[in-house]
Amino acid sequence: MDEKTGRYEFANLDFRREQRTGMGETVYCPGKTCAQLADIIRAFQDVGKSVLCTKATAEQMTYVGDRIQCLECDPVSGVIRYSAGARSRLPGRVAVCTGGTADIPVAEEAALTVDFFGAAADRYYDIGVAGIHRLFSKLESIRSADVVIAVAGMEGALGSVISGLVSVPVVAVPTSVGYGASFSGLAPLLSMLNSCAEGMAVVNIDNGFGAAVMACRIIRSAKRIGEV
Amino acid sequence: MDEKTGRYEFANLDFRREQRTGMGETVYCPGKTCAQLADIIRAFQDVGKSVLCTKATAEQMTYVGDRIQCLECDPVSGVIRYSAGARSRLPGRVAVCTGGTADIPVAEEAALTVDFFGAAADRYYDIGVAGIHRLFSKLESIRSADVVIAVAGMEGALGSVISGLVSVPVVAVPTSVGYGASFSGLAPLLSMLNSCAEGMAVVNIDNGFGAAVMACRIIRSAKRIGEV
Amino acid sequence: MDEKTGRYEFANLDFRREQRTGMGETVYCPGKTCAQLADIIRAFQDVGKSVLCTKATAEQMTYVGDRIQCLECDPVSGVIRYSAGARSRLPGRVAVCTGGTADIPVAEEAALTVDFFGAAADRYYDIGVAGIHRLFSKLESIRSADVVIAVAGMEGALGSVISGLVSVPVVAVPTSVGYGASFSGLAPLLSMLNSCAEGMAVVNIDNGFGAAVMACRIIRSAKRIGEV
Amino acid sequence: MDEKTGRYEFANLDFRREQRTGMGETVYCPGKTCAQLADIIRAFQDVGKSVLCTKATAEQMTYVGDRIQCLECDPVSGVIRYSAGARSRLPGRVAVCTGGTADIPVAEEAALTVDFFGAAADRYYDIGVAGIHRLFSKLESIRSADVVIAVAGMEGALGSVISGLVSVPVVAVPTSVGYGASFSGLAPLLSMLNSCAEGMAVVNIDNGFGAAVMACRIIRSAKRIGEV
Amino acid sequence: MDEKTGRYEFANLDFRREQRTGMGETVYCPGKTCAQLADIIRAFQDVGKSVLCTKATAEQMTYVGDRIQCLECDPVSGVIRYSAGARSRLPGRVAVCTGGTADIPVAEEAALTVDFFGAAADRYYDIGVAGIHRLFSKLESIRSADVVIAVAGMEGALGSVISGLVSVPVVAVPTSVGYGASFSGLAPLLSMLNSCAEGMAVVNIDNGFGAAVMACRIIRSAKRIGEV
Amino acid sequence: MDEKTGRYEFANLDFRREQRTGMGETVYCPGKTCAQLADIIRAFQDVGKSVLCTKATAEQMTYVGDRIQCLECDPVSGVIRYSAGARSRLPGRVAVCTGGTADIPVAEEAALTVDFFGAAADRYYDIGVAGIHRLFSKLESIRSADVVIAVAGMEGALGSVISGLVSVPVVAVPTSVGYGASFSGLAPLLSMLNSCAEGMAVVNIDNGFGAAVMACRIIRSAKRIGEV
Amino acid sequence: MDEKTGRYEFANLDFRREQRTGMGETVYCPGKTCAQLADIIRAFQDVGKSVLCTKATAEQMTYVGDRIQCLECDPVSGVIRYSAGARSRLPGRVAVCTGGTADIPVAEEAALTVDFFGAAADRYYDIGVAGIHRLFSKLESIRSADVVIAVAGMEGALGSVISGLVSVPVVAVPTSVGYGASFSGLAPLLSMLNSCAEGMAVVNIDNGFGAAVMACRIIRSAKRIGEV
Amino acid sequence: MDEKTGRYEFANLDFRREQRTGMGETVYCPGKTCAQLADIIRAFQDVGKSVLCTKATAEQMTYVGDRIQCLECDPVSGVIRYSAGARSRLPGRVAVCTGGTADIPVAEEAALTVDFFGAAADRYYDIGVAGIHRLFSKLESIRSADVVIAVAGMEGALGSVISGLVSVPVVAVPTSVGYGASFSGLAPLLSMLNSCAEGMAVVNIDNGFGAAVMACRIIRSAKRIGEV
């Protein structure tokens, strides 16, 4: 590997992404062999940079966890994190909410990513609209966040309901939880895109990572505005 | 027309449907000429039977309204009703709810049908989840109904939210209200089918009539159980 | 676990759902580990409440069946039931019908749920329209039910045919039985939503449980009307 | 136009199709100007050949009807026929059935095409499964046909039900009649393709013409077998 | 099992289907346990009737083949046949054609079914339009058949091309052969439904059995016409 | 109309939404009659509140423009604005970008909404990836914004490209501009949801308004963080 | 307008595209007002450059044709061409083929574009697979082209058949010609993408223009290779 | 096997395809048994012809690699090549580009096919639009190719961006890389078909082979033009 360019045998590692977009490179694990994944993580360690890996399989996680030190591996979400040093902290809080317990893997991907990039993630799980009192009991707390990430499968109504109740931006993540006419997440995706409540935008099905990056960009943008 | 068989030049009128399914014949207006529609309505009048016509166009409504007496024509919903005599009343109440004002035509189709078949329809319009306080302010009243019809377009979350808050059966009607990724009502349809709240079943997009017949069958069934 | 709130490590158990919606909490098994499922069932046993679990895998069923006493496990439907005491009975009967033999797992999910919530379930299996004499030979009996649940895959015509022949509400369940242009149940789903026969509403593909809860709500609503 | 090749300014007329496939050329009207349509019909008249035109608009029908003699124009189906001489008759009968009255235009396209190619078309309209007694009252008569064409929109169950009751081949035509989740005929199309009753094959949505050609090929094939 | 009614523990066997539709009962294997399948086949043997089973898995085939005598098991197509006696022969020939070699399993399902019901099946495999000379070299022979079954995946053009070249009815079977934008057979299904060549009708994706029954009904119908 | 509750004959106006979500009520014009729209706008004027109306037709715009004073009507976007007083200003800037000129109506809906809620909107139109030098020539300027709204139809690549080049949050708006396999905006919608560049979230097709509200919530959230 | 940058009030005209991609700017007419279109065309005339406009409506064509001299307007295809001088010629020939007469507008868009960019376009119309002898009678001639453009709606088989018969690259254009399960061109689009014949690539539905640009790039690339 | 006709037990090998279309026969491996595949490859060796096999599984590759000499087996792409002699070279270069590393298997299928048919393949991998500087750093080199193959999953923007920057034909290959709303490659497929940049045509999802054949036909066509 050429350290300057990040040019690797099978990948163009983008060590300078942080300069350009404000956030470091991350690794999407599916389709990579265990050995490739280990090589990539070591490449980051070699240049003294942190790296976040998402959607790792159990096999990938075991392989790299056994061979590389100082990794945080989360089996629920498939997130692997390596932190090169103390993370710089962002000033905001992100409320990560789920409709049901089955949405938690995606929510944890979001929460761990938020934390990796330096913001605080507060978890509010299993507060979906089938028992809406569960949401209301947490509402004051959720309202105090700077960004809300709403993770929900099935009918995906959580985002709409929250979005009508808070004044901060809501990033909605449809999940593939469900069966039949969920069509692998199409139902909550369309539901969230058509929300009658405004102030919400949507990322890909099961893309907790993407929601977290959006949330962190929001907080970073906020920080900049505040500094002006 | 042969009065005994209901056999008409262009249609097999089913005068005995009431005996078989407990509810009289109804007429779906699209695709019929104004003259055909008028002939059909007159055929029912001739045999002394009530008839309900749905989804009439403005042109159809004007045509038959000008030529036939004693019709109730509702331009909002496209419902035309002819009542041959005093309607027998069913013992239950149906709460007809909508998410937004644009869902009202479909909801009125439901409410007028419920009324036609003898049950009471209470209207709760524009109480969608974008401002969920509007729903809560009506909740006690809605809970006192025997069946709820939830009419909503866009993300269609109204049904799920209500279904988690009441103990009576909920009939959900997705509407084609919305644009873009609503895909003409596909979004609320899928959303309602995937509801995380149980106790709800769904009819076709914009099918207020079908929801009302389902609701009336529920009440009729209830009446029978009560009589046993 | 906090017994009062039902707040568990990984789930918000809703012990008070019965008060709110009239029916107890149920558990959707997919995505839960065997150990989580066992913990949840024990939590209900600990507070002396019944619980119904749906769509359990063979592995889940074996695991909890080996470790927890007094469970009824049905391998055909994937339903696990724990009854804390004698069930209060509802006054109505539900006719559970299927088009073919391959629809039976979904139908059994419906029938066992109906039974769990206290109503009587009568089974009429393999009476689909390919040999419609099989339906007619059972028709009188089906007509005597208070609600019909029609479970069918492939073209899903069973619901329409029954709905035109009975006067009680019909809850239709499309199944993913079939192949090719069934598109995992889309064909019977669309077919049932577009039924030319009224008095029917539809639940999600393979959702026998949802149909049963709808049926029981109908009977409960009926009971209330009868009592007034 | 070059009469030998049928080569026209804007079309390759296929005067010899009859020799090749046993049936004469037909004209699909949409997208053609009134003048082009008239020219094409005249070209057939000039060479003394019959021609069948389908899906003509009211405007096309008036234009050519006013200018060309001896045309049979049917406004219900949009079929225009010119018969150069006495049609040779095929030995079979085709039962053309519809679920509702709104399916009649497509059914008439089929029936007029069957007649044009020399077979007998018997019409059984408005006998759909919402009132299945209507079908049974005609069943003996339908069973005596050599081919059945089943035309139905909405849930399209007619084909399945008939196919399970007769022993002759059934050609099913889904129609775009309906709204909402019919998705312009997708619902009955999928329903018919997934029929649990065998002995049925399907043509394009609203393609009464195609069903009729299939039916006539069946009868012609039959005739040939009989002659052997 | 009750031999008169065919009522079995888990299925309503329809021993009298032959009387009604002219063809005996058949068994769709997916979703049945090996033991259930064996019981069903034995039930037919016990009453001295032939039976055809389709889409059997390798496991099902081995299980019943090991336990029941006189079965013909075809591993390519998944067809199992039991013939109770000499089959009555139908007077026609069916040309079974495929576009590629990967379509052969579906074609064999069709050919073996045609043979089971008494007609002759001629096979023309791997003659798709990528090398259309292969089709032309067989054309005279194909033209001599009474019905053509065209089996093709990918773009499914085989049916259209044949249909424009022969005068007999063509039954088209789209297959799930292909990848990507084939969408599991949607591409050839739509292609065949939209064929510019008339005289063709379509059955479900991979439904060789259904095409064969349609073909046999055509020949039976032909026989009847010929006998009149 | 009841001024306190905002309860109107045909709508529940939500005068207190501003308190709850930080932004005032807005009106979605489609489906409302001209008279209804005028009444709603006057209701806001009567209580001294600003109001924003979106997707007004030319007819609606002319009607209310002729009858109500002090309205800003923009025919390009269909936006009608009434400002009750000087708008409070938000501290951020929003860069509104389009791929082509045909996307401008949606972009103007976004820009006028951003302005209505108090932030500054900078327009960068017709800078799509077909000629990517146009984007690069504006890049420095776009990078200085606090939020980017990327509006694009056809393949919708603009969002991905910008998102990889800036560090602020990007709100992507797919448009229905295009034809054929655009499927009314499905193509850019899916493209934007699957972006390989992170830091972007998506709103409904043609929903410039929703993107603007999201952008303003981001800035408001930023302001709050800055104030802490 | 700023002539150097091509920056216009409502559009960034790209006068230098020719340098970059070898072909001049073109204008997509839908969504532009008549006046805007006229202004754009005049802008090109003012700087002495040729311009091609596609998919103009009849109204746009009349408007600009009446006001601007030296335009070639083709009402069949909606193409408007202005040639600033003698076109430089490319050395190749493009065979533009259609399946039916209804595909001609799209084919003419292709042929006129090919001609505009300097290559020769030979037309072979109405040679679809329903009568495949029409294709074979032209085959020698088509084989002599350097690129083939195959334009077809309905089942779109033309491309596959040609692609298996020639050795030059084939650019396939699905058209929206057809109805029902054509789903506005989805059927031929999928068909062409899944072609069993290789050496073909596909452009958007109805995109004759895009196919022509692809063809001209092929010829230009060829020219360059030949010159080396 | 009959060597003259290439007629094999289970396949019509097309040894003369090279004469007809200029390129030799190739083998699509899915659905073939290991033994069938080996037989086919040996058949080509026996007649002294080269053969290319695509999408082989690991199992197929091991099987034939162990039994047949002189094969080149590439596990990344699933390509197996047998070269009967020195390949004739084509005069052009093909730039094979990918958006990400996960697209490499499809790109290698393309590159190895290009090489097999005699053209030169230059690889530019992992240069997608998330970090567009990576593309620009290679742009001069890419521009010097005669054809570009752009392989990309997710949003598929790579093709559009390249197409706007080069003057040679671009063949775009969408891949099934991605998840959620990628819908197995539908997202990049639609994106590429709707590209706002012209001069690009698209092949099936994951069809690297098809793109390569298109590219080689382009170069062969070029060679011919150059020779004239």
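Order as written gives the chain letters A, B, C, D, E, F, G and H; numbering starts at 1 within each chain.
We adopt the following convention: a contact is a pair of C-beta atoms (placed from the backbone, for glycine too) under 8 Å apart; a residue touches a chain by one contact, two chains touch by 3 or more.
Everything numeric here is computed off the predicted structure, so don't read it as measured data.
Chemist: Pick out whichever of the two, F-H or A-C, is joined by more C-beta pairs in contact.
Modeler: Output for the comparison: F-H.
Chemist: Half is the threshold here, strictly exceeded: which of A-H, F-H or E-G has more than half of its contact pairs identical to B-D by residue number?
Modeler: Duplicate interface of B-D: A-H.
Chemist: CA centre of chain C versus CA centre of chain G: separation in Å?
Modeler: Roughly 57 Å separates the two chain centres.
Chemist: Measure off the straight-line distance from the CA centroid of chain C to the CA centroid of chain D, and report it in whole Å.
Modeler: 44
Chemist: Just the number, please: Cα centre separation of chain D and chain F in whole Å.
Modeler: Comparing mean C-alpha positions, chain F is 50 Å from chain D.
Chemist: Taking each chain's centre as the mean position of its Cα atoms, how many Å separate chain F from chain G?
Modeler: Roughly 36 Å separates the two chain centres.
Chemist: For chain D, write out the residues touching at least two other chains, lowest number first.
Modeler: In chain D, 20, 131, 164-165, 180-182, 186, 189, 193-194, 198, 204-205 touch at least two other chains.
Chemist: Could you list each pair of chains that touch one another?
Modeler: The complete list of chain pairs in contact reads A-B, A-C, A-F, A-H, B-C, B-D, B-F, C-D, C-E, D-E, D-G, E-G, E-H, F-G, F-H, G-H.
Chemist: Inside the complex, what are the residues of chain C that reach chain D?
Modeler: Against chain D, chain C makes touches at 99-100, 128-132, 153-157, 160-161, 163-165, 178, 180-183, 186-188, 190-198.
Chemist: Write out the stretch or stretches of chain F touching chain A in their complex.
Modeler: 20-23, 26, 91-92, 146-147, 164-172, 189, 193-194, 198-205, 209-211, 213-214, 217-228
Chemist: Which of the residues in chain A come into contact with chain C in the complex?
Modeler: Where chain A meets chain C, its residues are 101-102, 104, 125-127, 131, 133-134, 177, 179-182.
Chemist: Hey, which residues of chain C end up touching chain A in the complex?
Modeler: So the residues of chain C touching chain A come out as 10-12, 14, 17, 20, 28, 30-32, 55, 174, 176, 184-186, 189, 204-207.
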